[in-house]
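In this document, chain identifiers A, B, C and D correspond to the written order of the chains, with residue numbering beginning at 1 in each.
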């Protein structure tokens, strides 16, 4: 290893300081000791420790980062082998992380009224993003949605940071009944209009947001998901189709070219 | 006692036996500074074609027990970008650079070899006659001795670089293909490429990979890879780069004992990018047991 | 809603799709009372030859990542002991009995089939043309379409029992062998047998198995098995028993979606003998989604 | 499941009540709740819980069994992946066992002076065996040996049960310096001569014992090891060559025909 800059790629262990329920998800707080300076929207590639099953690492967004105390937050929704094992870790456990990875949300050109949209567990990276925007003096409007109240993530943390907040659930168990994008459509016709939309959530939600953004001429950035092997750009496993393919190039890498993309650049269908 | 880990792989002197295999390590720089090209005895860059190839639609990978399937479809920017963008950067590094060559026809392979002819950063070519991912691509060459001979012979005619032929395990008689490559002038063999496999998404009721089938790699295939190296060692006298599922110094030694003089690692790096450093450290203890690396000793 | 799990595998009506595969479940009784023959839709008994075969010297097995290698060498007491000792006991059980047949020559296979002709406890024969463990044995038949045809045709001539041909994956074109078996009169296919592999003991500096190479089984090979079933489904219209690395109801459904109408389980039982009971329980939920088992639906 | 007789094959969980060091090995005490009636020399096929790596179960001798309290003892020497994971289990962990398996030591025909020989971790099954002999009114002579004091197993438990006890270590760090079989040779020329030898340990030790037994016309029974897959007799993976092979049969199964064999029957080289 030749470089230990805080933003350089590194492998490090986080000691699990807290593991608490947040709806269906778990909030994992990791105490880390290395220099670390992630950008909101970046992610970690996390080994499911101990066991070799599953074999590959799992990508998880950096949900929050407290530089002063060296505390890193992850929000993990247990959907399969890897996330279930991680979600069940006991405080004290060491979590093996590779990161920070990928390009985060853009830091400039967001205008005076950035609006953040989170779908389900996709709210995770928005917490750290909202915190940064607050620090930059741009407290964002935050919309989050999920199928039901249990699937909402990061509500409390985001509420503390947002200048304005809306919540939607498909079954109405919390906030507006309906899709978060329905609330977004309405919001886009109210002044002050959002100057940019920064989103993370299911592919379908991002596609709808892209359409809304196009209709209202608002730049939209979304954090995408794809299965990953290396997480660093080496294996070309995490392809996402480009809107403007050339003869030789049709795909971008979610891990290294993203995970945050200008939604105009990528095909979401 | 620690010894120098150096090993001779055909005409190439490697500072250690560990090689980063093609397609899993990009052009060598993506893992820096955690893992660098110069940590390896050699690195094999991604399969390179004469023109850019876009690769397959996603999903391209899926995990399987102790392994993974990939159907990248040999996405690569083509040999010109390799020459302009990557080779100059790689040339500055203290390691051997091997270029994995792919093509859909003999002429395409030959064209890549010609473009790379005499390039001082290129220590060897590795002909991928085995990638199972492209319909009209490599697979057909590597499953037929006569096609292998035709391809290897044609590339041999245009290059003076050490020529490594990478064999597929998806075949009845791997020794036959090895002999064909040898008689057509190959300088070395590398094996194995991935096993043809697939996964099914039971919720969607369809194959997980957009390409339907993909290549299986990782520890799951190690027993098959060791068997292939052992069989090929007995069938030819060419130097062998053994690979498939390596994840420890013990595995490296197993491949050496089976007959390999260089040992590749791919998928295991995805799990742990610190592994190569660990393996090289652990290899010291094994090396100390021997006067020379015990290549092929398991045959005695 | 729970439904009847019954499935039709060619002419055999199975009460559920799960089959205990050959060589991993003996003659059905070793796991009682934890696991019984009647828990399965069918059981396939150990490979049976015309005379007793002693098998290979030890070590015969070794564990590998998500799997194991075996080189039992088809040890079995011969067809007479099967008939006298095991078939009467098996006949009393509520399951289908399939006899896996092995031989070193066509005549030996034919002799076993003749001995079992008309035996009421035998619901089908499974020709093991694929076991990689015996030098002069099955392997050669299963890797050549013409030899497969010759063997299957000869056995077909002497038996009216449903004839299942068990294919090897250690081959370039499994669909070609499947078509050969079909044209020679096979009623069904089962696949896959084990992948040829080996392990090396780095301390002893030699192969772990006395037989040098062995057959790889277990979850590690599941992607290869699924791919083979998918390919063979597309190449023939024979009913298929899919197997290789099954360890959950989800895996069973994946094989069904790929084209299998019966699904075998072997190695995973070694890890957990309660697994078949669990799988059958879990299959209820999958079955409830469909009007009929979705055999081959992943091809749509 | 149709049968729940105490000696029938079953799969059961033992809750780890104690895990203490015993030289290089660990003594694991499992609390079990099912009916259980093993014979000394039988073994359990134990899943390395939680992880699927290693995949197969591991055979472990029943070192002791306290029927009244439902406590089962295992002695585990950490030599590889499986035994290391088992040896590191924390009290409270559930251990998944298949058993009891195999044929134990013979219960009759042992004569008035049975002598037990344990090599290294091979002493494990001798504890339960010695206890049974004591209960039968035949307290045994016990010889145990190992390369060094750390590798001795079961010393304390065996000392409490033996009528006479000898200890040998190759480096002399405990007891006689030398091989346990050297002590055995001497003992065989002293009255009362052993009427039978019951042994467990490395293959070489058993071969020497077989020779000693032959020289002194003492019947010898030994518990053997071989890699196992099924553990129940189904897979034929654990073959051991027979002394008197026939045309069709050359091997016995360690798991189902053993693990205890009359040493005259098996080839030990």
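Assorted remarks:
By definition in this document, contacts are C-beta pairs under 8 Å (C-beta built on N, C-alpha and C of every residue); 3 or more make two chains touch, one makes a residue touch a chain.
For clarity, every value in this text was computed on a predicted model and none was experimentally measured.
Among the remaining chains, D is positioned farthest from subunit B, on the basis of C-alpha centroids.
Averaged Cα coordinates give subunit A a centre that lies 35 Å from the centre of subunit B.
Centroid to centroid, with C-alpha atoms defining each point, subunit B and subunit D lie 47 Å apart.
Annotation: 56 Å between the Cα-based centres of subunit A and subunit D. Under the contact definition stated at the top, the residues of subunit A that touch 2 or more other chains are 52-53. Multi-chain contact residues of subunit C, defined as those touching 2 or more other chains: 65-67, 218-219. Viewed as a network of touching protein chains, the structure reduces to one closed ring of chains, two contacts apiece.
Chains touching one another, given as pairs, are A-B, A-D, B-C, C-D.
Against subunit A, in their complex, subunit D makes its touches with residues 50-53.
Residue ranges of subunit C in contact with subunit D, taken from their complex: 23-26, 30-34, 36, 46, 51-63, 65-68, 70, 72, 75, 77-78, 218-219, 267, 269-274. Residue ranges on subunit B touching subunit C, taken from their complex, read 64-67, 69, 143, 170-172, 195-200, 202, 205-207, 212-214, 216, 218-224, 226-227, 230, 245, 250, 253-254, 257-258, 286, 294, 297-298, 300.
The part of subunit A that touches subunit B in the complex is made up of residues 1-4, 8-11, 47, 52-57, 96, 98, 226-241, 245, 247-251, 256.
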